[in-house]
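One structure, pasted below without further comment.
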Amino acid sequence: MIIAERKPLEDIQEMITGYKKILILGCGTCVTICWAGGEKEVAVLSSQLRLASKKNGNELAILEDTIERQCEKELIEVLKDKVQQADAVLSMACGIGVQTVAEIFPDVPVYPALNTKFMGMPEREGVWVETCRACGDCFLDKTGGICPIVRCAKGLLNGPCGGTNNGKCEVDPEKDCAWTLIYRKLERQGRLDVMRKYYPPRNFQTVIRPGKIETLQA
Amino acid sequence: MDSELRLGVFLCDCGNTLSKAIDFSTIKTDLENLPDVTYVNISHDLCLETAQKAMQKDIEDKGVNRVVVAACSPELYEKGLISVIQAAGVNPHLLSIANIREQCFWAHPDKTKAAKKATTQIKLALNRARFLEPVEKTRIPVNRDVLVIGGGIVGIEAALELSNLNLKTTLIEKEAILGGKLNQFPNLYPLQVNPEEMLAARLKDITERQNIDVLTSAELIDVNGEVGNFSARIKESNEEVVRNFGAIIFASGYNTQFSSQIYGFELSNNIITQSKLEEILKFSSEVKEIPKSVCFIVDVSGEHSRVSTLSALRNALGIKEKFGSEVCILCRNLKIDGAGLEKLYRDCRNNGVLFIKFDHLPEISKQNGKIKIEVEDVLVSEEQVSISYDLLVVEETSVPPPDSRFLSSALNIGLDTQGFYQENNIHLYPTASNREGIFFAGNCHADLDLMRALTEASNVALNAYQLLAQEKITVEAERVIVDPNKCRFCLTCIRACPHHAIREVEVDHEKMAAQIVDLACQGCGICAVVCPAKAIKCKDGSDEQILSELEPFGEHV
Amino acid sequence: MTNDNVLVIGGGVAGIASASKLADNGFQVYLVEREPIIGGHAASFGCKATETCSQCSVCLVSEKMREVTAKPQISLVVNSEVVRISGSIGDFEVDLLQKPGVVDPEKCIACGICTEVCPCEPKKGIFLPSPEAIPHTYILDRTQCLRFKGAECNVCQDNCPVGAINFEQKPNSKILKVSAVIVATGFEAFDAREKGLLGYGMYSNVLTGLDLERIINGQEWITLPSNGNSPRNIAFIQCVGSRDEYIGHGYCSQVCCKYAMKFAKLLQYQDSEAKVTIFYIDLQTTGKGFGEFYEACKKTIRFIRGIPVEIREISPDELEVKYEDLAKGKIAKENYDLVVLSIGIAPRKDSWDLAKILGINLGNYRFFDTQDTLDSNRTNIDGIFLAGTCHGPKDIPESVAHGIQAASKVIQTLKARTA
Amino acid sequence: MKIKGAFSPDIIAFCCAQSAYQAADTAGSMRISYPENIRVIRVPCVGRVDVLHILRAFERGADGVLVLGCHDEACHHLSGNTRAKNRVQKANTLLQEIGIDGKRVEMFTLAPNQGSRFARIANEVNERIKELGPSPVKSAD
């Protein structure tokens, strides 16, 4: 799932200076699960902004709402009257949500409250770690299900590099060396021959921005 | 739910002492013209029978559906007042108490300020009352069978007592025979009881009982579900069977293990462990050459263990009686904090057992087939004592049963720092686990002598009986409730719940959501706070109720 | 004919635990307590937490006490003693004698007027015995009250708004019909005055463990009786009145090493410069989590083997302790500003009288005895069970556990009779 | 709304029903006084106190917030007090971000029979908040 983290408060305050009434819009899917933009965090951010505005003496009204998903046009259109009332929208969704709202309501300024960090999974309660970078040409079949592009500091395709010492990465001694993990996994499954092949560097040329997928409406 | 709020406020001036500062009549008039307050009453002793009967009548007559009481601490009379409003037909959760005595009149000598605070506190209680929600009771059917894990003396005793309380018990034991340590101990000093006879009597009793089902060489693999319907997967001589239980009792005892790194040497024919010595004592008739002098050493690898000192004293007396050989015990602090242990220590001394206390570890070496020990005897001004013995009996560390780490994660029950069951801080409830319906007894979670272990056995039996006495358990339904539409099934609450009282459930056959098991939930409200989607609501202490008590600020002088 | 009534003699922590469990399982319980309030010794103890809880279980007591008032099946009979018992299991008849407590706990609403108006100085004659007292009633102290010193004073009786005070109250007796009896009469702390050389009762800064508990219950930090400062140099003397064959206490009281080390930690938490020394015979460091607690204590507390024989007071703030320095093998003297005698658990002096009334035997060291060594509740009289420290030394959770075990045995025995 | 005379801060104390609330009662029945501007709110466990409750308290004009629960390793719900400690720390950073002094929110641990400790904490915190002065949120409007 998509993992995001809230921006520092001053950045958010800078964005919304001058507006009298804003709508803080939470998203109920990925950013709720990673404790960044769910209904709870919407309430916390609103409370902080109200406190700050009271303290600095500027007047600010805040509407709070959280919808199921902000990456779905139909779900956002429903917010029409609420958005009309606000001078600006502060979206606590990932980048996708912010842009969808901006697209649906072109004349209302939409600001991101979060930094969308990466796609990943929870390591333990409250800790998320990146495991996939959507490089567009999955390599996991050759590494026993461990992605070196993300989890190897240098993103090597034919690791490990010379710097690994007993399974730890030279860049960050805390981190496991991805290629050592890959080696052990393949060894365990008896597929070490997969590592003997040489894999040419990725041709990132083929990735045209922005990515698009067209499926026939079958 | 009754739409129209009809608040009844019952003020108590505690034998007109509080009225010295608080002007109850003005408060009464102010309250009476608040919108949804239907009745205000002042009494002098709301904790006594007469006033409570009058209160019940007022509630019924005036059709009050929310009760606010301004009197003394809820900790004292909440339960009594709840039964009064229940008798008047009002749901017990619709009571809000303002503490205007202990936390107001008594705590603040300045009378005007105390009066001001009292009015605020009554207003807060009113605010809270507006957000109170009824909680209904339901009766949940429960499986009344009990699973006892571990066929040692504690498991056997618990099963027998459960059977006396006519609960059906399944007793599973890893080994092929029941008895655990009773098969191993040659004697049970300080108790003058023969372990074999004791075990035989209990096994005979077990076989005569219809409601005890014994499964030997059987192990618990996994448990799903919560109190009232656990489903346990049990491996019995490599075929698995699933059985349902209402409560689970761990009585899997402890193992012993000799750690050579701590001692710095290996076992040999004349350096043996306590358990090996117990075998020798048990089959003493077959022993060919009898050790003329035996030395025990304790407090090296198990310095804080009652069990290791106890087995040393027991075996020392056993050797004296069986072989009459010369016996010495080296120790730091003799652990004799149990019934009859001091007397056992005196019996050993009277039988000629020598006790040498050391602070620094004695040096142990082998010399022409004998064990040479050099020790500084602390009681004789640390003079270097050098002694040699035919046999050295070393102490073993008691370690948790091997599957405890695995079962602890499978069942979400905590371990303490040594790996035994039960976190350290459950000292308030010695046989309880962090999960309702799962109990611990005996040395699988603590370091107990026999009498303490037997006490714990009957404690868990009664706890399980109290839980499963009836077919159905009355419980407050949905005191804490998850709104399935808002729940994102992010598992945060399931991980955070200290009592593992939240389970996954399918909602209208395609969406997964968290659901709180009312029987296992202890109402702490941690899940409601950690939920990122604010999908969990506690009816006792909901967000609205707490926030409503922040209301009337800014009115001070 | 068996009825569902059970008598529990003694409202200490064990008696409360038995009564509470019996009430939960459908029995009507008469909880008879000699004092005006329940809780026994443990109710007067204080919390000994430093940054973390030191697991002394004192807060367990107030929680258990409140369970008693919350359960209608338990009827509390305070200020009362058993004077006679007859019949057998399933059909006991028990005569109770209730001393006049002057304040009727059923009526008292603890409003506090009586204390305000009471003319006694310096210590009031009528007061709330403890902030968490159950039953939550004021009590009259006959040794203070002027009326019992010949004065004609009815001030509190006249001012009581609910008429709970009645000086003319007569002792009354009651007959109870019960099926079983649980004896939970608790222990008596060893009177340290019996060890005259240690100067307890003569020197103000020689206290017992019980005194420290009362200080900590009343105020947050421990202060020296002589000058009110925080103690800087403290000695604990273990096994005072325990493991002592000469006075007939040849047993370990099991609780003193634990409470001594917990107090020592608290004293050092209270004042980081405080130096603590513990004189001991054998340190009992058993119990869940207590091994680690002891390892932490070893870093900051000085442990000396051997029990001092004499304490002399050089000045009210300075005590000289004489002991045998085992390492050098000669007598040594050290000065401390506070000496705490870790007194142990002793059988009640009047346990013989209750034994005669009930017909139960006294075991060695004059605790009540059980019939069969493997059963720590059943006495020689069928239907009479033991719970708590009246059967032998126990700490608070063990007393509770023993109380619950007694309740379990009662339920099983009565169930077998009716089956 | 001018505040005449000595400033008496509005302090909210979220009290765990198992320990802190009873400690407040004990202080009362021992007639140990503590400032009356401390308002006790009873919660089932200190783990029930949310960062949001703390922020809302400041929004409603509180000058200081106290979170009082059981001692470490004595929480009846095991992790209640540790979670509360983390939340108070989080509330500190959130308030610091707005420019409100983080020391206005503090957590203490108590046992039910520590009445004098409750009063001592209440008096100490009251003095500390007095020095910090009224909450910047309140004195602005």
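Each chain carries a letter (A, B, C and D) given by its place in the written order, and its residues are counted from 1.
Everything that follows uses one rule, which is that contacts are C-beta pairs under 8 Å (C-beta built on N, C-alpha and C of every residue); 3 or more make two chains touch, one makes a residue touch a chain.
On a predicted model such as this, the values are computed, not experimentally measured, just so you know.
Colleague: If we define chain centres by averaging CA atoms, which chain lands farthest from chain C? Would you check?
Modeller: Using the mean of the C-alpha atoms as each chain's centre, the farthest one from chain C is A.
Colleague: Going by the touch criterion at the top, tell me which pair is linked by more C-beta contacts: B-C or C-D.
Modeller: Between B-C and C-D, the larger count of C-beta pairs in contact belongs to B-C.
Colleague: Between chain A and chain C, what is the separation of their C-alpha centroids in Å?
Modeller: For chain A versus chain C, the centre distance works out to 62 Å.
Colleague: Measuring centre to centre with CA averages, how many angstrom lie between chain B and chain C?
Modeller: 23
Colleague: Just give me the whole-number Å value for how far the CA centre of chain C lies from that of chain D.
Modeller: Their C-alpha centroids are separated by 35 Å.
Colleague: Could you please state the distance in Å, as a whole number, between where the Cα atoms of chain B are centred and where those of chain D are centred?
Modeller: 30
Colleague: By the touch rule stated above, which residues of chain B touch at least two different other chains?
Modeller: 75, 106, 424-425, 428, 496
Colleague: Two or more other chains in contact with one residue: find those residues in chain C.
Modeller: 53, 55, 59, 63, 110
Colleague: Hey, what residues on chain D touch two or more of the other chains?
Modeller: As it turns out, chain D has residues touching two or more other chains at 22, 25, 28-29, 52, 56, 73-74.
Colleague: Strictly by the criterion at the top, what is the full list of touching chain pairs?
Modeller: The set of touching chain pairs is A-B, A-D, B-C, B-D, C-D.
Colleague: Sort out for me which residues of chain D touch chain B in the complex.
Modeller: 1, 4-5, 8, 10, 12, 14, 17, 21-22, 24-25, 27-29, 31-34, 36-37, 39-45, 47-50, 52-53, 56-57, 60-62, 73-80, 83, 87, 119, 138
Colleague: Going by the contact rule set out above, which residues of chain C touch chain B in the complex?
Modeller: Listed in rising order, the residues are 21, 24-25, 53, 55, 57, 59-60, 63, 66, 69-70, 72, 107, 109-113, 136, 160-162, 243, 245, 250-252, 254, 257, 280, 282-292, 294, 305, 326-329, 364, 373-374, 376, 392, 397-398, 400-402, 404-405, 407-409, 411-412, 415-416.
Colleague: Of all residues in chain C, which touch chain D in the complex?
Modeller: These residues of chain C touch chain D: 46-47, 49, 51-53, 55, 58-59, 62-63, 110, 128, 131-132, 217-220.
Colleague: Which residues, counting only chain D, touch chain C once they are in their complex?
Modeller: Contact set of chain D toward chain C: 18-19, 22, 25-26, 28-30, 70-74, 109, 111-117, 120.
Colleague: Contact residues on chain B for chain C in the complex?
Modeller: 14-17, 44-45, 47-48, 72, 75-76, 79-80, 83, 106, 161, 164-166, 191-193, 198, 303-306, 333-339, 341-343, 346, 357, 378-382, 416-417, 422, 424-425, 427-428, 430-431, 445-447, 451-452, 454-456, 458-459, 461-463, 465-466, 469
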